[in-house]
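Please read through the structure below; I'll follow up with questions.
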Amino acid sequence: MSATILFWSLGAAQAMLALAMLLATWRLVTGPRAQDRVLALDSLYLSGMLLLVSFGIRAGSTAYFEAALVIGLLSFVATVALAKFLMRGEVIE
Amino acid sequence: MTIADHIVILPILMPMLAGIVLTLIEDRHHTTKLIVSVAATVLLVAVSVLLLLRVGDGTVVDSYRLGNWPAPFAIVLVGDRLSAMMVMLSGVLALATITFSAARWHRAGPHFHTLFQLLLMGLNGAFLTGDLFNLFVFFEVLLAASYGLALHGSGSNRVKAGLHYIAINLAASSLFLIGVSLIYSVTGTLNMADLAVRVAQVPAENRMLLEAGAAVLGIAFLVKAGMWPLGFWLPTTYAAASPPVGAIFAIMSKVGIYAVLRLYLFFGEGSGSAGFGDQWLFYGGLATIVFGTVGVLAAPSLVRMAGFSVVVSSGTILAMLGYENAGVTAGALYYLANSTLALPCLFMLVELVERGRTAEAGILAVTLEAFGDDEEEPEHDEEIGIAVPATLAFLGISFAVCAILLAGMPPLSGFLAKFVMIDAMLNAEASVSAATWWLVALLIVSGLAAMIALLRNGINIFWVTLDSEVPRVRVVEIVPVLLLLGLCLALTVFAGPAMGFMEAAAGYLHTGTSYVEAVLGPAAGGGA
Amino acid sequence: MPSDLLLVLLICLPFAGSLATGIIPTSARTLAGGIAGAVTFAVTVLVVLAYGSVVAEGALYARLDWLPRQGLELVIRMDGLAWLFAVMISGIGFLVVIYALYYMSPKDPVPRFFSFLLAFMGAMLGIVLSGNIIQLVVFWELTSIVSFLLIGYWHQNAAARDGARMALIVTGSGGLALFAGMLLLGHIVGSYELDTVLASGELVRAHPLYLPVLILVLIAAFTKSAQFPFQFWLPRAMSAPTPVSAYLHSATMVKAGVFLLVLLWPVLSGTAAWFWIVTYVGLATMLLGAYSAIFQQDLKGLLAYSTISHLGLITTLVGMNSPLSLVAAIFHIANHATFKASLFMAAGIIDHETGTRDIRRLSGLAKFMPATATLAVVASAAMAGVPLLNGFLSKEMFFAETALRNPNGFVDISLPVVAVLASLFAVAYSLRFIHGVFFGPPPSGLDRVPHEPPALMRRPIEVLVLICLVIGIIPGLTIGPYLATAAASVLGADMPYYSLSIWHGLNTPLLMSFVALAGGVLLYFALQKYLALGIEGPPLVRHLVGPRIFERLLLLVSVRWARALEKLLGTRRLQPQLGILVSVAILAGAIPLLGGLGPLELGFAGADPAFALVWVLGMACAIGAALQAKYHRLVALMLMGGAGLATSITFVWLSAPDLALTQLLVEVVTTVLILLGLRWLPKRLEEAGIDRLSRFSPRRLRDLALSLIAGGGMALLSYAVMTRDAPDSIARFFLEKAYEEGGGHNVVNVILVDFRGFDTLGEITVLGIVALTTFALLRRFRPAADSIPRPEQQRIQSDYEEQQADQAEGTILSDFLFVPAVTMRWLFPVVIVLAAFLFLRGHDLPGGGFIAGITLAIGFILQYLAGGTRWVENRMRILPVYWIGLGLLVALATGAAAWLFGAPFLTSAFRYVELPLVGKVPLASALWFDLGVFTLSVGATVLILIAIAHQSIRSAKPDRLPPPLPPPAAPAPTEPAGSP
Amino acid sequence: MELILALSIGVLASSGVWLLLRPRSFQVIIGLSLVSYAVNLFIFAMGRLRSNAAPILTDGADVSAFADPVPQALVLTAIFIGFAMTALFLVVLLAARGLTGTDHVDGRER
Amino acid sequence: MSGLEAFPEWAAILVALLVLAGSFITLAGTIGLVRFRTFYQRVHAPTLGTSFGAALILIGSMLFFSVSGGRPVLHEILIFVFVTVTTPVTLMLLARAALYRDRAEGNDGVPRADAAAPAREGAVSVPPAPPAP
Amino acid sequence: MRRVFAYPLLWLALLAMWLLLVGSVAPGQVLLGIAIASLACWAYGAVDMFRPRLRRPGLALRLLGRVVADVVRSNIAVLGLIFSRRAPHAKFVAIPLTLRDPNGLAVLAGIITATPGSAWIHYNSTTNVVLVHVLDTDDGEAWAATLKRDYETLLLEIFR
């Protein structure tokens, strides 16, 4: 029973998170401004990270934890660089 | 294991160590770097000679299992005649070019010697490895180093050519990966000897996947070999590179050919795919000779002509490989050795004579550009001024010898190479095919074209321009040319023994079983 | 002296002499002459000494291995024919050396001249003494090469250069034809041994390849012997010093062609093809040469055309398929050598003494140099075929052969008529040579008063003229036996009967001779008026100038066509090259698949909707990136990030956590990297109008098709593989041994640092190389003019700061980062801990040196982002180049440590160590290796990114001097150290 | 799963190749990156797909319970080399842009 | 999902609820990202995911692994901390950059450059932004 | 060494992070964690500009409580807003601050931004005024006042 509950609920959660990613991608593709796209990318990374966490639960394995951790801690470096580029036209001054 | 058992890995590790040491030495210690680099290369040549002696009589085939893991699982290095010869060729060539660069070029940018040593590491790794993916890694090592070296000295032309060179080779590397992984997907192994065994066992429905993989892999090799229509980058890149780099690149194109040669192992007799790709190699080689010949004639500058000469030599060998015949391969190997030694001379000589021709102006432009942004001053000019007596005679004779070698004119090894190849080709088939006649004609015509072009340039340089102003050349620039030409001369005089060696190497290459046995043990050989 | 030693000496002496004269100083004129004289004399003596043995043994041999298994042995073989040629080559060579010693000016580098001359002699002897047909080719080409150097000896003259080049191209090409011909011949016969080839005449003539062989050999012979239509190079070669002409263009090199025809006569002659081609080419050459010779204004030009004509005569004789005519041919070869060499020398004396060779300017020289005049008259008479001279004898034999009745009407008429006509012309030009130069009024307008040359300079001519006379008067006693020996060695049993005497009675040949003599005299005097006009070139065929046609043709083919072809066959643009590469790769992948791809089932089994959605967005990102990369680089970069994220999620989904981690980290670094680069790529504005038009250009459609096929192909291949069972693979071994013997649970990591650690060693080397290369390249970086100014944003913000009184310079930036930077700095130690974690657990769980290395590098980069380059580098000195070197060193040393235990490189050791307090700790040597990987990854990543970042500082400097801050490779300790 | 991944590889490769054939150097670098994604996935696919079978050994598990680690190791190497090459290409691209003044791959406009 | 026979049902239900709620909130955040009209409104949307969405899913994960492993598994806390600390950095920088860009282009709906000048003590309210072009 | 122990809180946090990461409190791991945390603290010394000087770190717990409560509230509010038809009443609000400690400001900025419905946009260090964007409020001044009362005062107490 537990297996069934978890299977279906996690499947649904993953579908929702994937949908969230899709929506973020929609914003990423359509913009309209660069800042919207960066925001969408950040959001995409976050949803992706949560998808990985849910995948870890579904798989019953902690092997995927690091990937989520790395997204959580380091993906912002890319978006920070993008934001700085928008502001200053240069990433490292 | 005795020390001798480790010898096969030394040609890879020694340049690597040298490269590391050179990285840690600061750039301003030019001389120290030079000494380290030359010393390392001398050692490398010594080791390669030892290796050649060890495997030369065919009783020993070194199979070195890295990490002491059993054979098909570990990466193995295999030292046989062919790989030992290639290692020695690259070592000798490197020694010559490093010496040559000592006159000026090694200071035209940072990390020259590091890159050079790591290029050697990549080359020797590619020659010695017995593992398909490891081959990819060493290809990348040598390519990465070659990118750096091609760009050495910077400047608009080099960077433009480098951009093309890199883009094309990156695409080719992707093909390499696709090929290797496809082959793995149907055979489940990466070890070349193991592959030779398993290729024969691939079920029929997967065979096309295997062949598709091998074909794509072959394309990656042929890009490096500069086969038409994949090698348009080659003359441009080689011509744009600084002369010592252009010179060492002569062996770069041979790496692609070497890799194709190793593929014989999988697609030999009884592999289920015998004769695979032969036609493509043959006609591709033919087209390459045509294109190279045309380019040699059309080249507006001597150095571009040298680049096209590399194309011609590649085409010639590739066409030979299309025969998949031990005799022809032996001839091709002799030709390979000859052209690998002679082509670099042309690159070096071009620099020396052009230096006189452009009366320092062009060089100064280059050095100004090269040093424009550096802390260092171009303080080396006075060293260039030490002219050697009889410079002109040296240059003239060297150029002539070089031209004779490259045009395949008698009596030097270039001619002998053509002779042995054609002789073998005519004897390779029961009745000589029309295609063979075409190739014979093409080989002879390409020699004629080279002669015409070299003659045109040689007369212009030595009889028109240089007469008035003798270029200033340093001893370190003469010695390497003499070394290489001397080796060609040795190849001419000792053609008999040399061909004996090539025949043995080619025979070994074409039988396959002995290679497999050497790597996997006696039991495995029967399966191949 | 044993005969083989003698033969070897014959070949080696000249080359040794050449080497000796080549290395002595340029001024050592007499020494060079002495060496050359001694060598040529010695060779002559040796040849003469050999005669007895040749007669006794038929042929002498010496053998030397070269490429024995390919049938290329060095065989020195001297039979009668070779002997006769060897005598000519060495004897005339000796005379030419003596002559040249006086002829050459002290201003010239005379030793070089003798060096070339001796080399030529050696090569020529090599041809005639070859016992292997490939060896013959070798020496054949060698004569071409050396003759090139001799003709171009005065290379300061354009004429000499052009003449030399043309001679080499024509004769060298002939040599290549010979090479091909000999290869075929060897292939037919099964041996390159001359004796075997000579014995296989019937086999060869019956072989389907006979005609190709014949044509190739004839091309060689005709080019060398200046036969029509290749005759044009010889007059151009007259720009050589006269001794060279006397030697090469009379006695030796041009004779190599006819020598070849005579040599291969037993193999190739006797067929209709041989007859028609050889005879008529010879006839045409003979006629054309003689006709042209009459109208030459240059003495040497006249002699050159005369030579062409005489070679034509010899060729005609060889072509006639009759043994007797072959004897005549050999005879005429010898005769022509003697009189023509002496004539060249005489011409040289005239040139030497008067400063000109122009017949129009010369006149009445007999008074000034009577001895020379006498000699020249006799030699010319021999050339004209006047009785009592050797030229008469062989020409009589020639007439006799042409006069024989032939069933073919055309042959029957044409042969004798052309023979007489050409001889008539020969008389005319001989007369012109003598009359025009030595008789008539004294010359006017010469630079000096002519006088006799030194006696020794005349001596060689005297010897040669004497030979002409002696042979002409008592042929049977002088040349008779030698000619017989020579002819016999070719003809063997077929030796015909012939008689060498002056008087054969009143017969047709004599009549023909008379007609030619009388007609020639008449013609010459009839032409007096025309010749007085001094017009250059012969009438009627003046416009058919061979050299010019040749040069034009050469230019057309070797330059124009070549360039056009190069353009057609190749490209120097990148896009077509990549397009071709993709196409070829598609072909390569597709052709094996033509046989069918095997079973392929479509199915969605196990497909997860979330996974599908992830890839919907992944594909959208990929396509979006493809569309936006031209005008919206930033957008493309972000979309690429989206595709990368989809890839990472795939890796997680499909059991590859290490890959996911790596992909994510690399993604982040790549984004920052490309952003750093974007600073130097100014915005590209959409050229709306132009672009819309070209949106559907054929090229774009083609590229679209290519990319769709390429992608489709990869999809198809991968699908085919994925839906089939995996073979038994090496993976099983790794899975089984990873823990037991590799000491790690994470098999991928154990593969990377242990099983296939050697790959990793190479891979980190690549990373290191690339970092060093980017560093090296960036040290020379020069931004384009439009990207040197600071970015637009910064300028606007600076302007604003200036306008606002209370805003100091840089406030906007510092406020922008003020708060975020605090957080970003907090994260620095956090990233370090994370990196340490990822590193230490890599062997057992996802992580490892690479991943940790990149993580730490991101930590550093974050600080650069927060504080800027100067800020960071004032606080810590990261010295990435040292990290790189150290990392490689650690990895290498770890691998090599195995040697201490007698194990192969990279053999790992693994054990548990009991530590107090801590307990059991796994210690694998692989950890050290991974430490090297880690160190290098940090160094390389930081170096690459920061080297680019440094460009901003550099370009901010107005004079673009090197940055005041140390570049990343400055010397100092390696850890992040420095003052707080 | 196989079909989805195959399609993705195809789309990534198509987009990458399309960009590879474009004239602007920035397009080429993005193209190379996309191609390398495709190739990495392709190599990965060569080991066949397994979900939740990461080759991280657990005690007592049979080796057949794990995905093929070899292609994973190869991809890891390929990712790193790909990163290095992207960096190199970028720098060369910048240098070329600086020296020629254009971002056309041939160093001159059309 | 084998090997979960021993997993208590209450925990399963709890985990399911947490994860579903977290996913829903995250999804809602991205819906906001799509729905909101201006950038400054959209900037708030992702924080739904980073705060509650992440928290719920991560708690679900902690619960799951703690129960199934029989010992506390808490490392998900780290993810949450990292996300909470890093997201504001991105958003702040991004919003500031957007502000600059809007000002530089003279767009309506953003406070003028001197909006935070010292002379204007106190809060300044700006009317809601019109839809972005 | 001084640099290592200059940040006791950070040191503890890093040690905790290590132990969480490895999921074990075995003595070996603790020792390793101490070593690594020390190293990381030492590295932080290189980049630290404003050494955090904490007066009453204990108040941090109270702050945390307020944040959690606020986050819950605003999550629900924003969720509602997303699914309602009503257009949000968005505002820029400029708030003059008293707090000057950079670390404190960073915490404040984090709180404002991490809370759904408000975002830290622009901080002017000269005037110490921050521009905040509020997603849905009718009274910006009241909103600002609440913020100052709830958070700034607390932070002023925590950071010296």
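Going by the order they are written in, the chains are A, B, C, D, E and F; count residues from 1 in each one.
Basically, a contact is a pair of C-beta atoms (placed from the backbone, for glycine too) under 8 Å apart; a residue touches a chain by one contact, two chains touch by 3 or more.
Please read these numbers as outputs of a predicted model, since none were measured by experiment.
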| item | value |
| --- | --- |
| Each chain counted as touching chain E and chain F at once | C |
| Least step count from chain A to chain F, where 1 means the two chains touch | 2 |
| Centroid-based (C-alpha) most distant chain relative to chain E | C |
| Pair with more cross-chain C-beta pairs in contact, given C-E and A-C | A-C |
| Interchain centroid distance [CA atoms averaged], chain D/chain E, Å | 31 |
| Between chain E and chain A, distance of the C-alpha-averaged centres to the nearest whole Å | 11 |
| CA centroid of chain D to CA centroid of chain F, Å | 39 |
| Centroid distance [mean C-alpha coordinates] between chain D and chain A, Å | 21 |
| Residues of chain B engaged with two or more neighbouring chains | 133, 137, 140, 144, 147, 151, 154, 159, 163-164, 167, 171, 178, 182, 184-185, 190 |
| Sequence positions of chain C contacting 2 or more other chains | 572, 574, 578, 582, 608, 611, 653, 657, 714, 717, 721, 726, 729-731, 734, 756, 759, 763, 766, 770, 773, 777, 780-782, 793, 797, 806, 816, 819-820, 823-824, 826-827, 830, 834, 845-846 |
| Set of chain F residues in contact with two or more other chains | 17, 21, 109-110, 120, 122, 124, 126 |
| Chain-level touch network, classified as line, ring, star, complete or other | other |
| Every chain pair in contact, whichever chains are involved | A-C, A-D, A-E, B-C, B-D, C-D, C-E, C-F, E-F |
| Touching residues (chain side chain D, partner chain C) in the complex | 1-24, 26-31, 33-34, 37-38, 40-42, 44-58, 63, 66-70, 72-73, 75-77, 79-88, 90-95, 97-101, 103, 105-106 |
| Of all residues in chain F, those that touch chain C in their complex | 3, 10, 14, 17-18, 21-22, 26-28, 31-32, 36-37, 39-41, 43-50, 102-103, 105-106, 109-110, 120, 122-126 |
| Residue numbers on chain C that touch chain B, as the complex places them | 65-72, 134, 137-142, 145, 152, 155-156, 161, 164-165, 168-169, 172-173, 175-177, 179-180, 183, 186-187, 554, 558-559, 562-563, 565-566, 569-572, 574, 577-578, 580-582, 584-585, 588-593, 595-599, 714, 717, 720-721, 724, 726-731, 733-734, 737, 754-759, 761-763, 765-766, 768-770, 772-773, 775-777, 779-782, 881-882, 884-886, 888-889, 892, 895-896, 898-899, 902-908, 960, 962, 969, 971 |
| Chain A partner contacts - residues on chain D that touch it in the complex | 51-52, 54, 56 |
| Chain D-facing residues of chain C, complex | 572-575, 578-579, 582, 602-608, 611-612, 615, 618-619, 622-623, 625-626, 629-630, 633, 636-637, 640, 643-644, 646-647, 650-651, 653-659, 662-663, 666, 669-670, 673-674, 677, 680-681, 684, 703-704, 706-708, 710-712, 714-719, 721-723, 726, 729-732, 734-736, 738-739, 745-748, 751-752, 756, 759-760, 763, 766-767, 770-771, 773-774, 777-778, 780-787, 844-846, 850, 940, 944, 947-948 |
